[in-house]
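In this document, chain identifiers A, B and C correspond to the written order of the chains, with residue numbering beginning at 1 in each.
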Amino acid sequence: MSNFVLVHGAWHTGKEFEPTAEVIRALGHRVWTPTIAGNRPGDSKRTGLAEAIKSIVDYLGEHDLSDVILAGHSYGGMVITGVADQVPQRIRRLVYWNAFVPNDGECLNDLVPPLYVGLFDPALADKGDGSVMLPFPIWREAFINDGDLETAQRAYGLLNPHPLNTFLDKISLKANPATTQIPKSYVNCTEDTAMPHSYPWHPRLSEKLGLFRLLQVRGSHELCFTDPARLAQALVEAGRD
Amino acid sequence: MSNFVLVHGAWHTGKEFEPTAEVIRALGHRVWTPTIAGNRPGDSKRTGLAEAIKSIVDYLGEHDLSDVILAGHSYGGMVITGVADQVPQRIRRLVYWNAFVPNDGECLNDLVPPLYVGLFDPALADKGDGSVMLPFPIWREAFINDGDLETAQRAYGLLNPHPLNTFLDKISLKANPATTQIPKSYVNCTEDTAMPHSYPWHPRLSEKLGLFRLLQVRGSHELCFTDPARLAQALVEAGRD
Amino acid sequence: MSNFVLVHGAWHTGKEFEPTAEVIRALGHRVWTPTIAGNRPGDSKRTGLAEAIKSIVDYLGEHDLSDVILAGHSYGGMVITGVADQVPQRIRRLVYWNAFVPNDGECLNDLVPPLYVGLFDPALADKGDGSVMLPFPIWREAFINDGDLETAQRAYGLLNPHPLNTFLDKISLKANPATTQIPKSYVNCTEDTAMPHSYPWHPRLSEKLGLFRLLQVRGSHELCFTDPARLAQALVEAGRD
């Protein structure tokens, strides 16, 4: 029995990981699905990356979790990297699921193609409260390309505007991921075009982990909606010793 | 119920798409499988790209087809790009299946590696009537690598010499594919080595579509012969809204 | 009925190919699983590449094998390339399974990333008898990433120290693989990170074969341990005419 903590991506909350968590629980594990500061109902959309990371550090402390398999999706990769840097003693393994892997001093926007930086340009995209939203056509074609239209629409309805500061703030790390002793895995969905395949998640970002375990699974960036059971199986295989 | 029009590749006719079309029909859709000018029995092998495109534009008009999911395979990507440029009002979505994606002024031979241009050099390859044929060893190893020898031989026997002008003529477009409003999908067979994987179909050509939906499926460039049901399923998922 | 000869990789012997061979035999073929000189019990760990190649040439001669589908895994690609250069008349097809493809004058260490050359630096890695061993963490995460820990440990226990000279000796070939008339296939396990995916087996090494048939199959570099039946099926499809 392992302890999984699943950290969601931008525009999501922990709730959207629950169908995946249920399958992992059915396989005999314990699973927590916290929501990062900035994405909780009522949170300020001016929340920055340090506060986001701190909210998960605090969550692990409040629940006194140790021996944790800490998984992060997409933007959640920024967060789990920061958490592992601060409380490595709580972590058994890091699992990145099509997630960003920052080195010290990098922000999320440093890791995406110029087109995306423009898409979330504060002057253009800010909804007035410091948050940005993903346009539906991009969501439907490039994020949840393996689902039908109804699933794409239903899932889009669950999203919340995301605090832009968490894309702009540079992370502060004592050590870059490749140099730490914590074991690491990377789960790559082979049809994930949230990053264009000419500028891909894997191996461009995954290899910043140094020695790591690769798992690949069919699916889009939003496999948590389109096939949570397949995702759960991949996370369990990625998380084992 | 959707309207699928499947546009074949070089050396093929619409007939070779029929096993795929039958599966799509069984899933509840209507499917047409025209043959492009230059590949119909008796057509001049001096046929050029403009005439090839016009033949499919005319076909849509003669059958008064609208709300069409227009799919093109390989060379068929040149053709559907031209068709969509001329009669966008008839098209609901473009689906490229390991297909060429030209911008205005490009010809097919601009999009293949130098080795292939040489292979179809007029001086060397022309069969005397303006057509070229694909040598069997290349067909067997690089085009239909997922089939057994008998399937490879049977399918090769169905091919017809292809009008070389359609590889050499530069396409004339009012707008490049990435800039048009028609939704687009790209189906990538993961074992398709008709383009070498160092110079691949996807993402090299697919990303010329701008925002597009990716589907990937196991199989070679000739999945229409080796597993038409698998191809049909992929085309339906690529074609839905 | 075909004649398969399976040539293992570094640190392995022919015995580790037996579960795969059993499945190929059950499909109606004959299979031999020799052990390369340098990896047999009692062999000198100063064995070089020429001697390694000669041991398989001799094996084919002693068993008077012809019409052979000669398959090589990893380092075994160096060996089968040399064997085919010396006794092409015995070979029906070469099958490379995530294997090195050398041109004349190249050694294995010329084909791996600088990190790996350092890992097997004689001064650091030599166990005193001319052999090197793969550290378990690299084996577990990058070689057998699709297995559970127990499988990884059991398989690691079967390995033998590998003669470093076979990585350093430059191969001597009459002709480079791309220029020979022997048909060739490449089986690529899609989760094989023994070579990093930024510097991959396929297409970086596979395309040195010139015209070749690609097969891809889910799995790690050590699919012979984690799913020998899946590997056997791929080798049979790669080996057929």
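A few remarks follow.
By our rule, a contact is a pair of C-beta atoms (placed from the backbone, for glycine too) under 8 Å apart; a residue touches a chain by one contact, two chains touch by 3 or more.
Predicted model only: the values in this text are computed from it and were never measured.
Shown here, the protein chains touch in all possible pairs. Between the two copies, chain A and chain B, the Cα superposition rotates by 120°, quoted to the nearest 5. Separation between the centroids of chain A and chain C, computed from CA atoms only, is 38 Å. Counting partner chains per residue, chain A has no residue touching two or more of them. By the touch criterion stated above, chain C contacts chain A in their complex at residues 137-138, 140-142, 145-146, 148-149, 190-191, 193, 196-198, 218. Partner chain B is touched in their complex by these residues of chain C: 183, 202-204, 206-207, 211-216, 237, 240-241.
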